[in-house]
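Presented sequentially are two complexes of subunit A, the first with subunit B as partner and the second with subunit C.
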Partner chain A sequence: MIRIIAQLTLDGLAIGLIYALLASGFSMIMAISGILFIAYGEFYMLGAYILWGLMVPLKLPFSLSLCITVAVTALLGGLIYLAVFERMQGRKLFFLVSILAAIGIAMAMKQSALLLFGTESRGMPSLFNRIIEFCGLTLTLEKAVLILLSVATVTALHIFLRGTDMGRAMRAVSFNVEAAQLQGVNPKRVYLLTAMIGCGLAGFSGGVMAPVYALSPEMGMITLMILLVVMFAGIGSMAGALLSGLIVGIITSFGQYYIGTGVAQILLFTTIAVVLFFRPGGLFAETRDEML
Partner chain B sequence: MTPAYRSLAFLLAVVGFILVPLILPNPYYLHLLILVGMNAVLAMSFILVFRTGLITIAIAAFWGIGAYTSALLTMRLGIPVWASFPISTAISAAVAYGVGTVIVKKGGFNFVILSLVFSFIVVLVFSTFKFFGGHVGIFNIPRPEGITLPFLGCLQFSSKVPYYYLMLVLVLLVILAYRAIYASWLGRAWRAIGLSPSLAESIGIDVFRYRLLAFVVGSCTCGLMGTFFAHYYRSLAPATFDPFKSLYVHLYALLGGIDSALLGPIVGSGILILVPEALRIAKEVEPVITGILLILLAIFLPGGIMGTILRMVNGLRGAKK
Partner chain C sequence: MFRRTFVVFCFFFFAFCLFTSASYAEQKTLKVGFIANLGNPMGRGLQKSLEAVIPVLNSKGGLQVGKDRYQVELITYDDKGSMETAKSAVERLVFKDKVKFILGDTTVESWLPITEENKVVAVVETPSPTVLKPEHNYVFQATSLNTLPTVVWGWFAKNYPDKKTVAALYPDALHGHHDAEQLELLCKSFGQKVVNITFYPMDTTDFSAMATKIKASNPQVFTTAGGGPVQDSLTIKALREVGWKGIFLNYRGFSPGQQREMQRLQYFEDSIFTLNGHEWGEVEPLRPIYKEFIESYIAKHGKYDYVGAFFIPKWYALAEAIRKAQSIDPEKVASVLASGLKFDSPFGQGMMVSRPDMGNQRTVDVVFATTIGTIKNGKVKVVYNISTDEAFEFLKKSGLFGYK
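Here is the complex of A and B:
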C-alpha cells in the first residue's frame, strides 16, 4: 500500500516537474512581457520532436541533443518575439492582439507538425536501458534523468532570477516597466531574453520528457492546462507555479490510478475552479486582489 | 448610409440569400453557407457578451450543451425535434444562468479563466460518461420532422436545401432580435457597462444583473445553434466543442471587427470559412494559412475588416471636408 503511494508520488513528481517547468516559463512570459503566449505548448511539442529527430534518425547523444533542442527553441522563441510581438508593444489592446497573434502561431506550428509527423503518437526507443531500484520503488533511468535535470533547471532558474543582475532586471520589469527603466533597465532586451528563456524552458521540458512519455503533435494542448496551473498559482509567483505544477502532477498521477483519467480530470478542474472562485488571484498570489 | 438605404441593402441581401439555392444548388456550397451562418451567430453571441466587458470562452461549451441536450431529448425521451428547439434553448439558458451567477460576479480576467475551466469540464463530462456517448459521441440524431407550409406543400428535411432555409430563418431571427435588444434600454445599459462599469454602477445600473442577462442571452443563442447543429450534422463528438472552437469563434468576431456587432461576424466567418475553400486550400494546410493570417491580422489590422473599412470611409468623409 505504502509502496503504491510512494511509487505514484514518484511518478507524479516526474509529471509535476514538467508542469512546474512549463508553468514557470509561461508565468514568466506572462508576468514580464504581458503576453498570454498560447503557443507555449507548441514549443514544448517542438522540443520533444527536435530531440526525437536528433536522437533517432541522426543518432546524436542525449546530452548534445538536449542542448541543441534548448538552443533551437530559445532562438526560435526570440525570433518570433522580434518578428511579431515587438512591433505591437506600444499599442493599446496589446493584450488581446498578442493573444490573437499567439493563437495564429500555435495553429501554424501545430498544423505543420501534423503535416510533418502525422497524427499518431510515437515513442522513443529506450536510451539507457537501465532501471533504478531503491526502497522498493522503481524508476527507469530516463525518468530519473528527467527528474534530476528538471530539478537542476528549476534551481538554476531560481538562482538566475534572484541572484543575477539580469534576473533582477526581469523581475523589476514584471513589477513596473517605467520604474525599471528609471533604474537603467533596457526593457527591449528584457523582453527578448524573457521570450528566449521562456521558450527555451518549454523546449527543454519537451526534450526531457520525450524519452519517457509519448510524443504527438497534439502535445501543444497542454497549454490550456498550463494556463490553468498558472492561474491556480497566481501569475508572477514562480514558487507558486512550481508548487502548483507539482501538486497537479501528483494529483494527476493518483487520480489516474485510483479513479480513472476522465473523472480525475473533472475533479481536478472543478477543484481549480473552486479555488479560483475563492482566491481569484491564485493560491500563491503576491497580491491579494485579482489581476488586471 | 442613411437608415433607409441600410434597410434597403438589408432587404436586398435577404432576398439574395433566399435565391441562393436556386442559383447554386450544389449541396456543398449550401453546406458551407450553413456553416457560415451558424458560426456568424456564434460570433454575434460572443460580441453581445463582450460588449458588457466579459470575454467568454464558453461559447463552444454552450453550443455543445444545446446540441447534446437536443440530441438526448429527441433520442432518449422521444420529444419531437421542433419541440426540442425551444426546450433545449431554454435548458441552455438555465445552465447559463446557473453558471453565470457563479462566474459573472468575478468579472474581468477571472471570468475568462473560469469560463475556460467550465468549457473544459463540459467537454470532459461529455467524453467521460456513457450517458453522453463518451469519446465516440452520439450518432443517428433524428432530422427535423417534415412541416407543411401553406403554398409549398410538405417540406421534408432530406436534402441540404430545407436546412439552408432553416438556418437562414434562424440567422434572421437572431439578427432582428439582437438589433432590437441593442436599440432598447437593455442595449443601452449594456453599452454603458461596456464603456465604464463603475460609472454605470454609479448611475444605478446593476452591473452584475445586466451582465448576467447578457451572458444568458448570448449563451442560449449558442445553445440554439447547437440544437440546429445536432439535427443537421446528426452526429456529435465531444471534441467538436472544446475551448479551441471558442477561440475560432473569437477569431471570426475579431476578423470582422470587434466593434461591429452584426455585420462583422458574418464577414469574419464568411471569409475564414469560404476563402480557404475558394482557394482550394487543402484541409491539411488550412490551419497554417489561417494561423499566418491571424498573425498578420494582429500586427496590421487590429480593428478587423469592418474596423478598417469604417476607418477608410471616415477618412474619405474627412477628406471631403
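Here is the complex of A and C:
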C-alpha cells in the first residue's frame, strides 16, 4: 500500500510540475500584463510540435531542439503581443477585448496545427532508454530529466523575478504600473518581456512533455486545467502556482488509480470549488485586494 | 489525282471513326459508390487505398464480368461520420448517380432501408449486429471487426494455456465499452479470467497511474484496443515503465512500422499480435496481392501510411463477387456473397460466413486467415499463419456465433 502511494505520488509529480510551470507562466502574464491569455495552451502545443519537428525529421539532439523550441515560442509570443495586445494595452475594456483577441489567436493556432499536422495524435521515440528503480518504486530516466528540468526552470524563474532588476521591475508593474513608471520602469518593455518569457515557458513545457507523452493539436485544451490551477493558487502567486500544480497532478494520479479518470476530474473540480468558496482569491492569494 | 487522294482520305477517315466508335461501344463502366468519414485516418486511408488499386485495375482492362470488361468508376462522398450526412450521400448515390454497389461504413444503419428497398448491394464495415439480420438481403459485413478478436483469442488460449488472467485498458467511448464486453465474452469462452478493465478518456496521454493499477491486479496478459496506435504505444510503455512483465496481446492489428516511429519496439518484446496488412517492411516474402497493393499505394501516394489495408477487403470481396457472378446484377452478386464466397485481399484471405446467432444462415460476415507475429530482439517474427478454415474452427469453438 505504501509503495503504491509513493508510486502514485511520483507519477503525479511529473505531470504536476508541468502544470506548475504552465501555471507560473500564465499567472505571470495575467498578473503583470493583465491579459487572460486563453491561447497559452496553444503555445504549449506549438512547443511540442516544434520539438518533434526538430528531433524526428531533422534528427537534431534534444538539448539543441529544446533551446530552439523555447526561442521560437518566446519570439512568437513577443510578436503576437506587439501585433495584437500592445495597441490596446491600458485602454478601456482592455481585459475583455484581450480575452476575445486571445480566443481568436487560439483558434487560429489550433486550426493551423490541424492543417499542418492532421487530426491524429503522434508519438516520439523515448529519449532515454532506462528505468530507475529504488525502494520498490520505478521512474523512467525520461521523467526524471523532465522533473529536474522543470524544477531548474521554476527555480531560475524565481531567481529572475526576485533577484534581478528586470524581475523587480516586472513585479513593480504588477503592483502599480504608474508608480513603477515614476521609478523609471518602461512598462512596454516589461509587458513585451513578460509575453516572451511566459510563452517561452509554455513552449518549454510542451517540448519536455513531447517525448514522454503524445502530441496532438488538441493539446491546447490544457489551458482550462491551467486556469483552474491558477484560480486555485491565486493570481500572481508563483509559489502558489507551483504548489497548486503539484497538488493537482497528484490528485489526478490518485484519482485515476482509485476512482477512475472521469470521476477523478469531478473530485478535482469539487476540491477546487470548495477551496475557492472559502478563499475566493485562491489558496495562496497574497492581499485582500486580490480576492474577488 | 486530287480526287483519288480525297477518296482514300475519306475511306481511312470513316474506317477510323468506325474503329473508335466500336471501341467506345465496348467500353463499359461500373459505378461503385463509396462513403466514409474522410476526416478520420481510417476513412482517409481507405480512400487512398481505393484511389491506388482501382486505376491499376482499370489500366489492365478493368473488372472482368463474364465476357465483358468494366472500367470501375468510384464515386466518393464524405459522410463526416454523421448519420444524416451519410443518408444524404447514399440518396445521391442511389437516385442521382444510379449506383448498384456501395462500399459503406459504420453509418449503414441510417441508410440501410434505402439500399435494401432499391436492391443496392452494400459491403460495409460495422460492429453493429443490425446489418447481419436475415431480413436484410443486400448488405454484407466484409471486414475483420467482428471475427478477428475471436480468432486471435482462440489461437492464444490454445497455444498459451497457462496464461489465464487478463487485464485491459479501453477508451471511455461506445466502441471501448463494446470491446470490453467482447473481451469478457471471449475470456469466458476460452477459459480466461478478466482481473481488471479500466476505461480512459480519449485524450489521455499520461497512463502512469492506470499502469500502476493494472500492475497491482497482476495480470499475465494485457490488451488494449480502440484508442489508436499512439494510445496503444503509450499504454504499453507505461506498463513496462512500472515494471509489468507479462504478455501484451493485440487482437485488432499491430503495425510494427508505425510503432517504430513512435516508440522503441523493445516495449513490445514477446508481444503477440495480428500482423495482417502490416507485413510490409517486416516479413518476406510478401503475398503477391499485398505486394501489388503496397506498390500501387506508394506509386500513387509516395509513401505507405500503414492504415490502408485494414478496410480494403470490402472492395476485394465485392469485386470477386461480381467476377464470380459474371454479372453486375445486384441480385446475382448478393447471392454469390451470401453463399460462402472466398476471396483474397491485401489484408488476408477471406471467407464469408453465416451468423446463426443472428438467425442468418446466409453468409453475411467474414473470417480472415490471420498471421500471428511477435517481436524478438526488436525484429518482427511470424509465429503462425492461421488459415481461414482454422479461423472458422475458433469461431465455432467460442460458442459466440451460434455454430453447432
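The definition used in the following text is that the second predicted complex is superposed on the first by the 287 of 292 C-alpha atoms of A that agree within 3 Å, B and C clash if a C-alpha of one lies under 4 Å from a C-alpha of the other, contacts with A are read in each partner's own complex, and residues count from 1 in each chain.
Heads up, the rule we're going with is that a contact is a pair of C-beta atoms (placed from the backbone, for glycine too) under 8 Å apart; a residue touches a chain by one contact, two chains touch by 3 or more.
A quick note: this is a predicted structure, and the numbers were derived from the prediction, not measured.
On the superposed subunit A, the positions of subunit B and subunit C stay apart, so the two partners fit side by side. By the document's definition of touching, of the two partners only subunit C reaches A:138; subunit B does not. Judged by the touch definition given at the top, the superposed model places A:73 against neither subunit B nor subunit C. Judged by the touch definition given at the top, the superposed model places A:276 against subunit B, while subunit C stays out of reach. In the superposition on chain A, A:213 contacts subunit C only, with no contact to subunit B. Of the two partner chains, subunit B is the only one that A:87 touches; subunit C does not reach it. Contacts of A:150 after superposition: neither subunit B nor subunit C is touched. With the two structures brought together on chain A, the opening angle seen from the C-alpha centre of subunit A toward subunit B and subunit C is 70°, to the nearest 10.
When both complexes are overlaid on chain A, the residue A:98 reaches subunit B alone and has no touch with subunit C. With both structures placed on the common chain, the touch criterion links A:262 to subunit B and to subunit C. Once chain A of one complex is fitted onto chain A of the other, the partner contacts of A:15 are limited to subunit C, with no touch recorded for subunit B.
Once both complexes are placed on a shared chain A, the shortest Cα to Cα gap between subunit B and subunit C comes to 5 Å.
Comparing which residues of subunit A touch subunit B with which touch subunit C, the overlap comprises 262. Against subunit B, in their complex, subunit A makes its touches with residues 38, 84, 87-88, 91, 93, 96-98, 100-101, 103-112, 114-115, 224, 227-228, 231, 262-263, 265-266, 269-270, 272-273, 276-277, 280, 290-292.
The touching residues of subunit A, counted against subunit C in their complex, run 4, 7-8, 11-12, 14-15, 56, 118-126, 129, 131, 133, 138, 140, 213-214, 216, 218, 221, 252-257, 260-262. Against subunit A, the residues of subunit B that register as touching in their complex are 102-103, 106-110, 113-114, 116-118, 120-121, 124-125, 127-128, 243, 247, 251, 254, 284-288, 290-299, 302. By the touch rule above, subunit C contacts subunit A in their complex via residues 39-41, 172, 198-201, 203-206, 208-210, 212-213, 216, 228, 230-231, 233-234, 237, 240-243, 261-264, 266.
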